[in-house]
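Lettered A, B, C, D, E and F in written order, each chain numbered from 1.
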């Protein structure tokens, strides 16, 4: 079978709902199976990347720690919605991992390059 | 004051179940009492005994059971919500000819009347929903 | 006076906007869970929430999300016991989700 | 015990999520227990009242049929967000039951008159 | 071309707005479940959706909600098999919820 | 064409589970095939055998079971999602010393690798989520 170009789109902030975390688990699994995968953090999904998360008080596992381990799994095709960053006045210094910015007018063409989009 | 809680969220999906649990503990620590915790909508899954979380995540049904046992709190899952979602006690398992029951300890299954009753007997009903 | 509890991010749902439609001077507003993103001074929603007297945000949710060092302006950060206190001081209590 | 003045606020459209229907079940139960209750349909909740619903195709029970039976249960304290009606260009003729309109600037004071608000 | 499937009412969540941010000419957009309210010409969202060539709404969801007799303008009403056809004709398919 | 579906919604709460079922039937009626239906997040509750809906509502787990049996479709609940939410087969019930299993007929419990595999082997993966 030809490898499928697969994109995981992360639109939700972390913690409020498990979907944000469950998307990361899909990405890690794809990495284990050596399937090529990109991730796009869009809208509120950009909050997932934020440094300094301390989730002990809400008794959940630290979300950003999982993301910071992505390079170890060779998950490096990480993209971010530059508009969403700017709206939230976030810079790359705030993030736990390196992400490549995409401008608003690039997002649609970027998504269309993939065979499968899994959206969380 | 006397509190009751209405819990609508799905455990392991919505943070609101955890927030409700912290709120419940804080009411007790502040000297208030909890008359009833009513689980409705996806909240009824909080009463699913078969939950097997990984070691680094809380066992949500067991947490509620323990809180109820320690502080004598009435935990009620709504019967209409629970039956269709497959959270049943042994009576219902028998009635519906199911192979097993799965309602966690210290929970009971009852009707929406228990929510109305909780409202009558509590100073506050706080909704944690989904 | 009413206490409004909002638990969704203002960029996900219309909860916060809907809540503010019925909000009256003297009502309390508590941001919990994903709603705490709205507490940031840098949020596009700051104009709606800053410099109102009775707006609160849960500390545990601010910390979880990595927002502790960010500016939340006039919004009071409270713990779980203070959350309970707010529900004692207000009636009715309405949740927006 | 003194009766509690209780308000059910319906904010969701019908069918997409069971919450809209589950709110009606709470109202019907309160009626059976002869507890005074008002309902307020606000925002997308006004869609619940729409006539001509035909849910056979999605294999769900008809939502508006339940609401149309409310007067039989003496559930007559039904209020509606007049702004939400107007935004959606709906008139009372579209609805299966009589509802009392509240203007935007009346909503907050109206809600504050109750002891308990259950929001769905 | 991408097919976007939206299932939430535009007055509940930001799905539709977020989807339209990435929507390109030639992409398809299918409104299902509570999203079909956005198909109405009388909707505040009509300006965003009307007179685009490839916007669809599921008939079963329109009927369920009592909208059959209302004007949905240029938006094509389709059945479940046509929904399948759309997913065959487009790639990738992205769900917004 | 070969389809796979990813189902995230909670049965009896989210309409999306019903939409997915209609979509699955329509793909088959149109001559396509379904390689796998993968249940993740609250979608795993679709595999809860103990569901006892009222007579005028569909039995959602039974509907999926029947569709799978009739058309030889692979129904997989994600093991990580299912264990914590309390949807378990007899192997897991034994491993976790639970009193009962509740996985519906024709479902299996497996890892996220089955979603990745479904993606590789299908022309389309359609998400129905929550």
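Here, a residue touches a chain if its C-beta (ideal position, glycine included) is under 8 Å from a C-beta of that chain, and two chains touch if they have at least 3 such contacts.
Computed from a prediction, not measured in an experiment: that's the story for all the values here.
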| item | value |
| --- | --- |
| Count of contact steps on the shortest path from chain E to chain F | 1 |
| Chain pair showing more contacts of the two, C-E and A-C | A-C |
| Of all other chains, the one whose Cα centre sits farthest from chain C | F |
| Chain A-chain B separation of Cα centroids, rounded to whole Å | 34 |
| Chain C-chain F separation of Cα centroids, rounded to whole Å | 37 |
| Chain centre separation in whole Å, for chain C relative to chain B (CA means) | 26 |
| Sequence positions of chain F contacting 2 or more other chains | 8, 12-13, 15, 19, 22, 41, 57, 80-81, 124-125, 127, 129-130 |
| Multi-partner residues of chain A (each touching 2 or more other chains) | 15-19, 43, 58, 60, 116, 119 |
| Of all residues in chain E, the ones touching two or more other chains | 7, 11-12, 14, 33-34, 60, 91, 93, 95, 97 |
| Chains that touch, pairwise | A-B, A-C, A-E, A-F, B-C, B-D, B-F, C-D, C-E, D-E, D-F, E-F |
| List of chain C residues in touch with chain D within their complex | 1-2, 14, 18, 21-24, 27, 91-97 |
| Chain B - residues contacting chain F, complex | 10-13, 41-42, 45, 48-54, 57, 61, 80-81, 83-88, 92-93, 96, 98-102, 130 |
| Touching residues on chain A, where the partner in the complex is chain E | 7, 9, 11, 42-43, 83, 104, 107-109, 111-112, 114-117, 119 |
| Chain C residues touching chain B - in the complex, by the definition given at the top | 5, 7, 32-34, 58, 60, 80-81, 83-85, 87-88, 91, 93, 95, 97 |
| List of chain B residues in touch with chain A within their complex | 12-15, 18-19, 22, 56-58 |
